[in-house]
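Next come two complexes built around chain A: one with chain B, the other with chain C.
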Partner chain A sequence: MSSRSRITEEEINELISKLQSLLPDQARRRGSSRASATKVLKETCNYIKSLHREVDDLSDRLSDLMASMDSDSPQAEILRNLLRS
Partner chain B sequence: MAIPNSENGDSAAMVRGGRKRKRRDAAPEPGHRSFSTWRTESIEKRYSSKLLEALRRIRNDAAEPRGNGAVRDAADRALAVAARGRSRWSRAILSRRAIKLRAVRRRRQRGMGELPRSLPHPIERRRRRRRSELVQKKAEELGRLVPGCRKVSLPALLEETSDYIAALEMQIRAMSVIADAVSTAGGSSVGLPDRSGSPSTG
Partner chain C sequence: MTATGSPGNPNPNLSKPMLVHHFLRALARVNRAAPKQSHARRSRRIRCAAYASMAAAAGPGRRWSRVLLRRLRSSPSSHRRRISVRVARPPRIATASSRVETLRRLVPGGRSLGYCSLLEETADYVRWLDAQVQLMQSLVDFFSS
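Now for the complex of A and B:
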């Protein structure tokens, strides 16, 4: 017998439910109290991918901003202030 | 929000068979704090400072190729550091670079390349067949998206995912504030945007 207790269907459903509550409202359009586990997992994958894309876009944006900055520009000063506050 | 935790599981196991269930993972479950931890202003500030330090280093280091990957990398590592070792995904991100560097070094030494690839443990496959094939397939896809979670059990995966999503949302909030502040500064001489207007709440 494994040292880990068998995970019950109920526990899985609870976790899936909790995961569902983290998804943005669009993913819960039908307002169903219990969407299927498969659907929630699929929506979660899509959501994480969209979050990754956002982080990528922001990284690109910051990269471009930094490239156009030199040490004396106001942007550099803003960065320094942000660091101090 | 009530989340099933290991303590309850321990006592339940003890009632069932009188056997003490060994806590396999000493670190606290990441799911416990998902909502509150990543939404506090202090963690966002802490994250922003770390990221800004890294950005300055990138900017000042002329030797580093100015690719966009550097910023994304720095943002992810700062996020993993902010997690303070409490989650699997964060530990995976921090060891990511170390693994890549070791592999590159080994490749150079041997003169041929092959990055180490981990195969799923055979026992894992047996256990999987008990659950719906479709659920398992989707769970595998999710495991590929969350760092370091390709081989974890489904409950652990779901816990890690909750924490990871909350962390990513914080990362986006923090990076947006920084990007807006810097780009605003470029356009005018006005100071920082009012932080109370930002979407993050305590």
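Now for the complex of A and C:
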């Protein structure tokens, strides 16, 4: 029997716990009760989807900022310097 | 390679300076490539730059980062398209739940991973994704002020 097939329930619980600790506060259950694996997986999926959406949205906003880099504002100057390679 | 970070303690394997370095360099490239490009095009490039620099900073030690680097280097414009690779599936615990299948689709390279590996990769991917979003938010906040 290979070691891979001896994955214990404890190991799985530990990994699920670790995932739960990464979720934002709202999704985390207050108190010590540990959420079910299904719940954690569902929240994790939702969280990843929202992070993907945030990357999309922030890319849009960064695109806007880079478009207005020619302006005279101090921010634009700093941005130009920052992106000069 | 398991991370020993716990909630409140920063993950020792996650390097924010590397994230900043890669992303700023990628942004400079986007800017240099076509200064007068359309908003949509630049936005798409920035999005690709986000995932590419996240994967570069994380390094090739993870399935998700290797998959992203491969995808984004070969054809940057097809990031959203699924590149299917037939791999022999390792024996898995029969967790056949739709949650797990959704997770497999969301985490790059998740399809061919065993359940435990998938959970580990997911944790790592979430940490880096979170850091990348924070970085982008900081940049937007600063330059919007």
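One rule holds in what follows: the second predicted complex is superposed on the first by the 65 of 85 C-alpha atoms of A that agree within 3 Å, B and C clash if a C-alpha of one lies under 4 Å from a C-alpha of the other, contacts with A are read in each partner's own complex, and residues count from 1 in each chain.
Rule of thumb we're sticking to: a contact is a pair of C-beta atoms (placed from the backbone, for glycine too) under 8 Å apart; a residue touches a chain by one contact, two chains touch by 3 or more.
These figures come from a predicted structure and were not determined experimentally.
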item	value
Contacts of A:L22 with chain B and chain C, given as first, second, both or neither	both
Which superposed partner A:N81 touches (first chain B, second chain C, both, neither)	first
Chain B versus chain C as contact partner of A:V55, first or second or both or neither	both
Partner chain in contact with A:Y47 - chain B first, chain C second, else both or neither	both
Touching partner for A:M66 - first (chain B), second (chain C), both, neither	both
Footprint overlap on chain A, where chain B in one structure and chain C in the other make contact	4-5, 7, 11-12, 15-16, 18-19, 21-22, 38, 41-42, 44-45, 47-49, 51-52, 54-56, 58-63, 65-67, 69, 75, 78-79, 82-83
Touching residues on chain B, where the partner in the complex is chain A	1, 3-4, 9, 12-13, 16, 21-22, 24, 31, 34, 48-49, 52-53, 55-56, 58-59, 66-68, 70-72, 75-76, 132, 134-135, 138-139, 141-142, 145-146, 153-155, 158-159, 161-162, 164-166, 168-169, 171-172, 175-176, 178-179, 181-183, 185-186, 189, 192
Residue ranges of chain A touching chain B (in the complex, touch as defined)	3-5, 7, 11-12, 14-16, 18-19, 21-22, 37-38, 41-42, 44-45, 47-49, 51-52, 54-56, 58-63, 65-69, 73-75, 77-79, 81-83
List of chain A residues in touch with chain C within their complex	4-5, 7, 11-12, 15-16, 18-19, 21-22, 38, 41-42, 44-45, 47-49, 51-52, 54-56, 58-67, 69, 75-76, 78-79, 82-85
Complex contacts: residues of chain C adjacent to chain A	6-7, 24-25, 27-32, 39, 42-44, 46-47, 50-51, 90-91, 93, 97, 99-100, 102-103, 106-107, 114-116, 119-120, 122-123, 125-127, 129-130, 132-133, 136-137, 139-140, 142-145
